[in-house]
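Both complexes below contain subunit A, partnered by subunit B and then by subunit C.
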Partner chain A sequence: MKRIIYLSLCACLLTSCSLDLQPENGLTYSNSFNTEKELNATTTSIQYYINTTVGNNYDFATAGVLADNILDGKQLREWNPRTVITSEYSWKGFYDIIFESNLLLDNIDRTKDLSPERRNYHVGQAEFGLGLSYFLLAQRYGDAIITENSSVIKPYQQSSQEQVLAAAIEHAKKAYDVLPTWDKLTDLNGNAITNRQTASKGTATALLAQIYAWKGSVTELYHLKGNAQEDYQNAVKYATELIDNKVGSYQLCASPEVLCTYLSNEKSPNPEAIFSLYFDKTRSENVVSPNEIAQNYVSWPVREDQTLADLTSSTTYQLYKSTVETLFPDTTDKRLQAFFYQWGTQHDVDGTDYAIMYKFRKAIFDPDQYSPSGKSYRTVDADYVYWRLADIYLLRAECNQKLGNEAQAIADLNVIRNRAGALSYPSTYDTEGLKKAIFLEREKEFIGENDARYADIIRNGYVKEELQGKFKVLTNQDIQNGALFLPLPKDAWQDKDGHVINNQLRQKPYWQAYN
Partner chain B sequence: MWDYFKGDKYNWQLLCEMAERADLVSVFQGTSQYGKNFTFFGPTSNSIRRYLYANGMDKVSDIPVADCKKFILDCLLPGKRVMLDDFKEGVKSTDPSTPVGKGGEMLTMASGKQLWVYSFRESYNGVAHAGPLQIYLVSPSTTKTSHVASCNIETLTGVVHSLDYNFTPGDF
Partner chain C sequence: MFVGVPSSVGLGWAFSEERFMKKLWWLSFGKLRASWGKSGQKFQEPYLALGVMEESNIFNGSLGLIPQSMANKRLTWEESDQYDVGLDLQLLDYRLKFKLDYYYKYSSKLLMQSYLPGNVFLATSMWDNASAISNEGIEFEAQYDIIRKKNWNWSVGLNLSHNKNMLRKTYNGEDLNDKVLGRPVYGIYTFKDEGIVQKEEDIPMYPNASGKLTPLYFQSVNNPLRVGGRKIKDQNFDGVIDDKDLYYAGSTLPAVYGGLNSHLEWKGLSLDVLFSYTIGRKVMNMYKNSAFTFTKDFGVIMNYFHANDFWTPDNRGAKYPSLEFADKDYIGQFDGNVDSNIENISFLRLKQLVIGYQFPKTWLKGTFIKDANIYLSGENLFLITNYSGVDPEVINPYTGKDDGTQYPLNRKVTLGLNLKF
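Presenting the complex of A and B:
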């Protein structure tokens, strides 16, 4: 009997209690991913950082945008090395996206009761965030850091362009595999998501097409290891999926006029937009549109508090009518009437005739009793449509032309020409060949809308002819040494007091001379 | 008014040279058809210098006589002395189709040119209507707004309101 009691006592002592304490008054990684609502906070962070970082491309926008006179950043536009080195640029925004995405992926397994579709949604947002960030890092900085995950903090070494682009492709492909098409996107309450910033299968496909087109071009430009032709084939493949509506339904707007009404947020959602940075008007009363390019072109009459004469002193990017006439020699092109205010009427300021940008037609004003006009201008009312279907058509045409498939390239070019009501290629105005015609079509289509021109110029090798200032005299050695990329940002290897925190990083050889 | 201009070389010397060239000295002396009670919105020497530089000229005698006459008569409001408080208050235009806003008054200058003139009381330290009263002239043809820097300069033959240094002849 004693033995039985003794044995049962021992058995009782062999049970254990759980020593895992959940902190009840603090947020830690172990207790803040339990429900989907908590997980969603990280997903929203990824979206917020994408929204505030991707559109911020001041240096390359100033250098590449099509304008005759700019009010601000003239030396930067000429790529004066000392101006570039001291200007404002940082890759912190991208690493915020990367951190939040890695955080989500590292901790999603803690979330209970997550259905497979919801898991795919969240994983897709994180993988898209990673793919997009690594792509833009490779595009703007060349060599960048690939972090292991969200918890290891150490002085990382830089990875080469090829490695960063490979990482971008890997994550973009994962996003492509798990995300649904845009019409099936729902938030955690089951409501449909209508903004085009949230990643869908189509967004990931567009990202893949862009990465491959860029990768092929830089493989040739920088003599990297890789097969440029294969990259172009892949770009064509993904572009075709988008155009054939296999990864979501996207259509070109019926005409340039209709396109402008969608771009000006008068109707929504834009059927042609694949990836847009959403203008979140509810964020605060001071929020401005993420499209800084559109903001910089805006003038009278969209600025109701100004007159035409104020254009020369307040509009940052100014276009002469003669430049637009040279860009659009074909007068049947409906884009002239749609993109420019009262095309055909003279808009003379101090003896020069200006073209008035009219793609973005609505502005937001705050009532202001102190201002002479009773209202003060805050921002243009527009999302930043980063990639739209016309971009994909022209990207496919560009890659096909590089592969030698001229017939397919011409077909795509003509789709855009026909939508614009212009003469098909080849017309009497197409005097510089197919490659240049496709590049000029991109200029015409996206003028005053986004910052893509710099990247378009790099992909096509038009640095010396289309850019200005020091770009025209860069030697091949300068380009190989990183002149076309931004320098390594100071906050990557120094803290705010100037102490070196990462001694594994090296400035690019071209910029080393100006450090 | 002519003696006043002659007395302040820094601000008015080039205007005097223009008046001499266009044979309009008598206007400022009060012996012309415009009499002794008119209002003059004066372009200063800095403004005229900017005009010379923008047009590749070196001195006032390079400006054609007809232009000198036009620039001076564009700024002359005949009939009466209009002081700061006599200008009608107005608000800048918020309608992009016209540069003319609410209030103010359309005035016809001696050359026949019409200008929309209004006064507006600015804010001070964030308080509306607590600041100075400013005079603005808007030209419907060039849509430019010009601002008066110093007003109510009373002379024996009329009132001068000097246009600020940012004005360029031809803005009207």
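Presenting the complex of A and C:
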């Protein structure tokens, strides 16, 4: 009897059992990352959130776009503080990107049989997502929360602008280190990825150039701790790598006309595009292009269901011909013919001559039996090209000008001028100096295409001259108190019943007065 | 992780065995009991502490996966503490038995969705062991063997229960949208009826934003209160009657409920009867009233139009308001959602009646059948109640409101034969 007990005791001690349960009929963190296919589902979520969040910059787009008349958001454009406080803005979209990226990085070690290249691909997407989100948070909100990872639950405190930008740089550098160039990007089946939203080495480089250029400018503007000159040099360094094709092959389109066809033709990848938000047509039958700016400028003839007379009542951002003539004094500039429809003819509506935006030429229509033209307009058919090579040239020119390297700045400016067939700098029309000329060149190149004008104005300190309404009368103290950023979003510290859920956050002093 | 060991302790004192109790000849057995127990139960949703993922979002043809709610590694089992005090008495040579119990159960660490401290977590809520509910009540059971002979016996029994519950804790110490701390978990929420307005002076007037006096209105300014309409108390004095003016009118639990049973046996014939009863339950009959809410929907009208009286200037004492308020936007007028519609009902139902006959073994000798019995049983045979509706037993126990969407319990008669081979 004793022997039986003794033997069974030994048997018990020599066996072991695992108490970790693996769910068989549910998806949890522990079993959703086992294979690359499952890991890819999280990477897909990161891309989805980037696609739906980055282009949504309604408040700054309304304040900053070049337009003579806008149909709605007039008070917002004048930066009426009460209108701004009550308008719809939230940073949740960025934190969705950040959370999913952190989730991927926290769990990627669970994935079995992941080769180093594939691991670099997924880690690169997550790090790029983090870098991009922190950069845009710092740009739009200033102080923001830096989360530790995807599992800690606690009321976070805000980190200062400098810390958020530093976090953005850290993640962007990690992405830069691991990602391959765009021609080597493949999905998990080995097929080449052709959309320019998926991050590659070039995308990370462009992000770094943008972050450093922004960081240098706000260090000077807000008297932050840091070395602005060093930041400009870093921006120039990364811009140079892109221009010299060291991080991927990018070329300027041959002419503005070719650029426009590429902008509207997403079949062949735009050789100039570095980072675009992909127009995901297969998602549903109601999906619209992520480029809201382009959509707001569109009118007849791209809108086949409208006539010229409908422009004043249905096109959100309207441009007078006189404004465009002032912007492009040089009539040899081929951009006039390419970006605007039939530039030579008059387009008169109610006594005013309008410039018809023609940068994006294709639209998607759904058949509609109730409309007079038989179809209803859904969206412009285009990706949202967020950064293209021309942007990097002009960014490098801007940073070189701030560093005092005028010769290099002029050289870059003239690359863009020559591509557009315009007169080189300095010409008879360049009367306001190099810094302003570079800024105006950005306006000319990106008109009707993206929301970058607000950020360009902030970097160059043209708030009082180029913006309107309250911007013109902001004092220096107002700017230091956060007038140029969006207020702290309400849903960051209150739940939908009004209870305070995070009492560590502070509203910016400028907006506190209007709360 | 469950920290704590489920344990229980019980004490009993059979005081009838004590020497000083032997004098009481009628007390056959008596016992006093007390017990305390702590137990834990797993919650129903699986895998919550591991962080559940769900499919969502499509990008470029691939499906994405995101967490359904924030994973909370600190989740533990739900705990219950129960105290029980009881008395067992058996009298008159074990013929009359009583059992009385009082219990108090405190369930804590109940799962609840609470808000996250911010919107930087993708999900908007997380599961937490945050709420607590207490339950207490009395249970009483009595049984009497009326006849106890060899060939026939007859015993009757009665049981009775009373239960009360209360919400004790929430995740942030504040009331929830539909449950209030310190009150029963489920209650009747309805409007307060202040009678039909007879004179224009009785209509409450409120100044609106531009200072003009407007009458009390229902949901929107297009529906003002006029003479002939039912005056509903504006609980928050904001000039509009809407969901914010619902008040707690009582618990939906009955005062007492239980059953009566009887078992009679005579030479192989048996008769079992079971009654169930409820006394003192607050309910509201919604469909009889809502029959008069004229909407464009075509449905069954569960009330007599001609047999009811509606307010007119000549008929000021009518039961219902004027017919001009028979519109679904005029809440509280014809939809029955007023506290004057609360009925305090009781009912007695013959739940089950079984007549059976066990064939004597002598009849079955010689056949291969070992045992046989035949029975006739009826369920829900009749109902005695003071409720104005069809079946008080199917009224929603959470809201106490009978909206006429539940089928009444059906009456069943079964004839059966049991054979054992």
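The criterion applied here is as follows: the second predicted complex is superposed on the first by the 501 of 515 C-alpha atoms of A that agree within 3 Å, B and C clash if a C-alpha of one lies under 4 Å from a C-alpha of the other, contacts with A are read in each partner's own complex, and residues count from 1 in each chain.
Just so we're on the same page, contacts are C-beta pairs under 8 Å (C-beta built on N, C-alpha and C of every residue); 3 or more make two chains touch, one makes a residue touch a chain.
Treat the numbers as computed from the prediction; the structure is a model and nothing was measured.
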{"item": "First (subunit B), second (subunit C), both or neither touched by A:Arg283", "value": "second"}
{"item": "Touching partner for A:Ala309 - first (subunit B), second (subunit C), both, neither", "value": "first"}
{"item": "Partner chain in contact with A:Pro372 - subunit B first, subunit C second, else both or neither", "value": "first"}
{"item": "Touched partner set for A:Ile501, first subunit B, second subunit C, both or neither", "value": "second"}
{"item": "Superposed model, subunit A: greater residue contact from subunit B or subunit C", "value": "C"}
{"item": "Partner chain in contact with A:Thr28 - subunit B first, subunit C second, else both or neither", "value": "second"}
{"item": "Partner chain in contact with A:Pro301 - subunit B first, subunit C second, else both or neither", "value": "first"}
{"item": "Partner chain in contact with A:Asn120 - subunit B first, subunit C second, else both or neither", "value": "neither"}
{"item": "Intersection of the subunit A residues that touch subunit B with those that touch subunit C", "value": "none"}
{"item": "Contacting residues of subunit C [partner subunit A, same complex]", "value": "46-47, 50-67, 70-73, 115-122, 126, 172, 174, 177"}
{"item": "Interfacial residue positions of subunit A with respect to subunit C in the complex", "value": "23, 26-30, 32, 38, 40-42, 44-45, 47-49, 51, 90-92, 95-96, 98-100, 103, 145, 147, 151, 153-156, 195, 278, 280, 282-283, 489, 491-493, 495, 497, 499, 501-502, 505"}
{"item": "Sites on subunit B touched by subunit A in the complex", "value": "54, 91-97, 99, 101, 120, 122-123, 126, 128, 136, 138, 142-145"}
{"item": "Of subunit A, residues touching subunit B in the complex", "value": "300-305, 307-309, 350, 369-375"}
